Amino acid sequence: MNTFQAKLVTIITEALLEQELTQRLVELGATGYTVSDARGKGHRGVRDAGWEHGANIRVEVLCDEETANRIAAFVVENYYRDYALVVFIDTVEVLRENRF
Amino acid sequence: MNTFQAKLVTIITEALLEQELTQRLVELGATGYTVSDARGKGHRGVRDAGWEHGANIRVEVLCDEETANRIAAFVVENYYRDYALVVFIDTVEVLRENRF
Amino acid sequence: MNTFQAKLVTIITEALLEQELTQRLVELGATGYTVSDARGKGHRGVRDAGWEHGANIRVEVLCDEETANRIAAFVVENYYRDYALVVFIDTVEVLRENRF
Amino acid sequence: MDPVILFFVLGLAAGAGKADLRLPPAIYDFLSAYLLLAIGLKGGIELAVQPVGPLVPKVAVVLLLASLLPLLAYPVLRFGGRLARPDAASVAAHYGSVSVGTYAVAVAFLAARGVSYESYLPLFLAIMEMPGIVVGILLARGLSRGVRWGRLLHEVFLGKAIVLLGGGLLIGWAAGPEGFSSLEAFYSGLFRGLLSLFLLEMGLLCAGQLGALRRVGPFLVVFGIVVPVAFGLLGCAAGTVMNLSTGGAALLGVLAASASYIAVPAAMRISVPEANPAISLAAALGVTFPFNVTLGIPLYLRLAQWFARF
Amino acid sequence: MDPVILFFVLGLAAGAGKADLRLPPAIYDFLSAYLLLAIGLKGGIELAVQPVGPLVPKVAVVLLLASLLPLLAYPVLRFGGRLARPDAASVAAHYGSVSVGTYAVAVAFLAARGVSYESYLPLFLAIMEMPGIVVGILLARGLSRGVRWGRLLHEVFLGKAIVLLGGGLLIGWAAGPEGFSSLEAFYSGLFRGLLSLFLLEMGLLCAGQLGALRRVGPFLVVFGIVVPVAFGLLGCAAGTVMNLSTGGAALLGVLAASASYIAVPAAMRISVPEANPAISLAAALGVTFPFNVTLGIPLYLRLAQWFARF
Amino acid sequence: MDPVILFFVLGLAAGAGKADLRLPPAIYDFLSAYLLLAIGLKGGIELAVQPVGPLVPKVAVVLLLASLLPLLAYPVLRFGGRLARPDAASVAAHYGSVSVGTYAVAVAFLAARGVSYESYLPLFLAIMEMPGIVVGILLARGLSRGVRWGRLLHEVFLGKAIVLLGGGLLIGWAAGPEGFSSLEAFYSGLFRGLLSLFLLEMGLLCAGQLGALRRVGPFLVVFGIVVPVAFGLLGCAAGTVMNLSTGGAALLGVLAASASYIAVPAAMRISVPEANPAISLAAALGVTFPFNVTLGIPLYLRLAQWFARF
C-alpha cells in the first residue's frame, strides 16, 4: 500500500468543550477531526453521560508532526489546569489518498 | 505478556455504509471488526449525528499485514472518490489468545 | 513537546462487564480509563446495541508497561474463556502533564 | 398561523441564532416513526370501510404523476441550473418523491379548517415515495450502466418510511375502526402534540442547511420555490381530474410539491454516490420545506378550491 | 386478532425481510420502563383498597410454582435436548422466570374481552421474576461451588424490572385511586399505544433471533412451544386451585408460560458465563414470545375457563 | 404526599441502593425539553388574554431580586464556608438562578390544592435564570479581568432553557387559547405523567451526588437547606409586596429558593472554569433539590399564606 506517516493526536476531555475545541483545532491547522462520545475516570473523578455536560468526548486529529505539537501545546496551555484532559500522540500510516 | 504483532486498520466513513462495508470486510478476510459512532469534519465538510445518515462511523479491524493492505486498497478504490473517508493503519500488540 | 512513552491497552468486550471491569482496572493500578460504546463481530458472532446488554464496549487504559501486562493477564484469565473479548496494546506518547 | 408551524419557526430561529438547542437523534427517529405509523393507521382504518376496486385506476394515475415529476425537474436542473448529470438527477429524484413532514402539516392544516379529504390519501403518500427514486437513478445512469437493482429495490420497498406507512395502512385496515379505538388516545390524541415537537426539530435541521444554501447559490433557491408551486399546481389539477374532493386534490398538490429529505437522500447516496448530497438537502430542507409548510400549503388549498369550480 | 399484536407481526415481518427499520435503543428502554411502571402502578392502586393479609399464602404458592418450573425444565433440556449442564441450567432459568412484554399483551387481551382479574397479579409478576434465576444458578453450580451470591442477590433484587415494577406497586399503593387520577392520562390512557410500539420493536428483536434458531436446531423450537403450553397448564391449574378468578388464573398461566428475555439473560451472563447466551435468547425470543402473544394467550384463557368449570 | 414526588423518592432510593436503573440520556433531554415547552406555552396562552403594560415594573422587581440573591449568598460561602473565590462565586450563581424541575413540581403541587397563581409566573422563571450567571461571573472575575462577554451572553440568552421557555411563551401568546386547544392533550394532559418520569430520573441524578456530598463536607449541607429557606422567605415577601396572589407569591418563593442544575453549571464551566463543578452540583442536586420538592414547596406556600394576612 502506498502510505505516508502522520501523527494521530487523541484528546479526551469534557463534552462541553466540543464546539470550542474543534473550532480551535481547525485554526491550529488541522484539516479535519473525528469526535466520539466517551465516559471515563481520571484525576477529576468519574465522568459519565448520565448527566448533561457530564460526559467526555474523544477527539482524534490526523496531522503532521508540527501541527500535532501545536495542538498538544495549545490544549495543555488552555485546558489542562481547569478541565478533565488527557492527550496522547501516536504515529500511524495514512493512505496516500488522504491529504492533511 | 505473550503477544504478537498485528495491524489495526481504522476507517472513518459515512454511517450509511456500515452494513455494506462490514460485509465486505469479512469477505476480504477480516475475522472481525468493531464499529463505533462518530462525527467529524474533513474535506467533505462537517458530518454530524443530528441528521439521519449524516453521521460517521469509525471501524476498526485487527488483521495481518496482507489483509490490512487488501482492505485499504479495497476501500480506497470503492469509496474514496464518492464518500467521506479516512483510513489509517497502526501496528499493535495483540494478546496471543486472540487469533485473526 | 515534552512527552513520555506509555502503553495504551484497548479492551473490546461485552457491555455487561463495564461496571465490574472498570472497577478491576482501578484495583490493578490504572489511574483512569476511557469507555465508549461499540458494536462488532468476532468469533462469538455479531454483537449490536439493538439489544440490551447485547452491545460491546471499548475500554482504553493509559498506563506503564507493567500495569499493562497485569491488566492484559487479568482480562485474559478472567474473561477470555466465557466472554467476547479482544485486547491489544499500543505504545503512545503522552504529554508530560498527564501522570499515570 | 397554525401553532404547530410556530414550533417550526422557533426551531428555525434557534438554529439560525446558533442556540444551544438540539433534540437527541433518538427522539427525532421516534417522532418520525410515530408520524408514519399514525398517518398509515388513520388511512387504513378508513380504507377498511370502503371497497378497494375503484382505487386501482387512481393509483395508476398517481404513479404516473410521480414518475413524471422528476422527468420535468431534470432538464430544468441540468440545463437551467447547469448542474452535473448526477447532481441534476439526484435533485430531480428528491423533488419527484414526497415529504412525510409536509404531508403531516397539511393534514393538521386541513383538520383545523374542517376540510375533509379521501381516506386513501396516505396510500398515495406511500406510493409517491418510490417512483422518484427509480426515475432519478435512470436519469443518472441510463438503462445500460450497472445499477445494482436488487439493492435498490430493497432500499426502495423496505425503507423505514414505506414499511411504517404501509404497515400502518395494513394494520389499520385489518383492525378497522373498533379495533383502533383503544389506540386512538395515542395515535390520534397526541398527533398534533408530537407533530409540534417534530417540527421544532425540523426547524433546527432546516436552519442547518441555510449555510449550505449560500454555497450552492441562487439558482437552487429559486428552483426550490418555483418548482414546488408548479408541481403543486399539477398535483391539484391531477386531483381535480381524478374527481378527488377539494381537500384530497389539495393534499395531492402538497405531495407533488413536497421534496423528500429522508428516503431519497439515503437511496441516492447508495445508488448515485457521485452526486453531492449537500445540494439536494440544501434545496429540500433549506428552501422547499420551509416554503411549503408556511406559504405552500395554504396556496395549494386555494388552487384546489379554484380548480374545483370548473 | 388484537391490533397490538399486528404491530408485533409488522416488526417480525420487517425484521425477517431485513427492512431498514430500527427503533433507537433509548426508545426501547423508555418503553419497557413505562410498561413496568404502568403495570406496577395499576396493581398498587388496587392493592391500596384491599387487605394484604390474605395475600400471604397466595404469594407462597406462587413462589413455590416459580421455583418448580426451572426444575421441571432442566431434565428435559439436559437429557432430552442433550444440552451441556450450564446451557440447560440457563435455559431452565429463562423459562422459570417471566416476561413483562407477554404479561402486558395478556392484560390488553383480557381488557379487550372484558375479562377481569385480581388486582395483585402484578405482584405475582414481580415475585415470579426471581426464583428462576436462583434455581438456574444452583442447577449450574450446585450448592458447593463459588457462586458470588452477594453480586447475584443485588442483580436479582435491584435489577431494573424489579425496581420499576416494585416501585410502581409501592407508589400506586401509597397514592391510591385519587392520588393516581392525575397520572391516569399517561399511565393508563397511553398504555396500549405505547405497548403497540414496544411490540413493533419486539418483533424486530424476535426476527433477529430467527437466524440463531436455525443454528441451535429443532429441539429448541419444539421445546419453546411445548414447555410453555405445559407450564401454562400448570399455571392455570395453580390459579384455579388458589381460587383466583378465571382472568387471574389465565394470567398466572401466562406468567408460568412466558420466558424472560431481559432480567435473566443479564443475570446468567454474570453468574453462569460459560452458558451460551444465544441458545436461551433464540428459544425465548425466537419461538416462545411469538408463540405466546399470538396463540398462547388465548389458549391459556381457554384453559383457565375450562378449569373454572370444576 | 403528591404521587409525583414518590417517583423522585423511588429514583433516589434506587440510586442510593445502586440499582441497575438508568433512563437513557435522550429520554432525559426529551423530558426536560417537554417541561420547558409546556410551562412556557401555558404561561404564554394566559398572557395572550391580558395587557402586558402592568408587567413591566414587576419584571424589574424580579430582575432586581434575582441579582440580589447571589450577592447575598457569596459572602456566606466565601467567609462562612471558606470556599475559594471562584467556587464561592459559582455556588452563588447556582443559588441565584432557578430550577425548572422544582418549579414544575410546585406547579403540580398548587394545582393539586386548587391554588391559583398569576399567568406570568413562567415569564419570571425565564427572567430569573439569567442574572445569577452574570453576577456570579462578576463575583469571580471582577469587572476588570477578561471575561468573554460575547460568548457568555450567547450562553445565557441562547441556552436551551431560555430558548424553549421563551419560545413556548411566545408560541402560546401568539396562538392563544383556541389555537392551543389541539395541543392540549399533549402539553397539558401528559404534564404530570411526564413530570413523574422526569422526577424518577432526577432522583437517580440526586442519588449520584450523595457520594460527592460526603467529600464537600457539612457546611454545604447546611447551606443547601438554610439558604433556600431564607431565599424562599425573601421571594414570598417580594411577591406579597408586588401584590401577587398567594399562589404567585409562593411560586416566586420557590423560584428564589431553587438552585439551577442545568443552565448555570454549563455557563460556569465555560466562564469560570477554575471553579470545581462538583461542589455546586453536590449542593444543588444532593441537598437543595430534594429538600425543596419534599419539604420546601409546602413551606413556601405556608409562608406566602402567612404574608398574605398582612
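So that you can tell them apart, the chains are marked A, B, C, D, E and F in the order they are listed, and the count of residues begins at 1 in each.
Please note the rule applied: a contact is a pair of C-beta atoms (placed from the backbone, for glycine too) under 8 Å apart; a residue touches a chain by one contact, two chains touch by 3 or more.
This structure is a prediction, so every number in the text was calculated from the model and none was measured.
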Legend entry - Fewest hops from subunit C to subunit F - one hop per pair of touching chains: 2
Inset, instruction - Touching both subunit B and subunit D: give me those chains, sorted by label. - result: none
Legend entry - Selected pair, greater C-beta contact count between D-E and B-C: D-E
Legend entry - Farthest chain (mean CA position) relative to subunit F: B
Inset, instruction - Can you check how far apart subunit A and subunit F are, centre to centre, with Cα atoms defining each centre and the answer in Å? - result: 35
Legend entry - Distance between chain centroids, defined by C-alpha means - subunit A, subunit E (Å): 46
Legend entry - Whole-Å separation of chain centres (CA-atom averages), subunit A against subunit C: 19
Legend entry - subunit B: positions in contact with at least two other chains: 36-37, 90
Inset, instruction - Could you check subunit E for residues that touch two or more other chains and list them? - result: 24-26, 29, 189-190, 266
Legend entry - Chain-to-chain touches, reported pairwise for every pair that qualifies: A-B, A-C, A-F, B-C, B-D, C-E, D-E, D-F, E-F
Inset, instruction - Show which residues of subunit C lie in contact with subunit A when the two form their complex. - result: 1, 3, 6, 8, 22, 26, 31-37, 62, 90, 92-95, 97-98
Legend entry - Touch list for subunit C against partner subunit B, complex: 10, 12, 36-43, 56, 58, 68-69, 72-73, 76, 80, 85-90
Inset, instruction - Quick one: which bits of subunit D touch subunit E in the complex? Just the residue numbers, please. - result: 24-26, 29-30, 33-34, 37, 154-155, 158-160, 163-164, 167, 170-171, 174-175, 179-180, 182-183, 185-187, 189-190, 266
Legend entry - Complex interface listing, subunit B residues touching subunit D: 14, 16, 20, 45, 49-53, 81-83
Legend entry - Interfacial residue positions of subunit E with respect to subunit D in the complex: 1-4, 6-7, 10, 13-14, 17-21, 23-27, 108, 111-112, 189-190, 192-194, 196-197
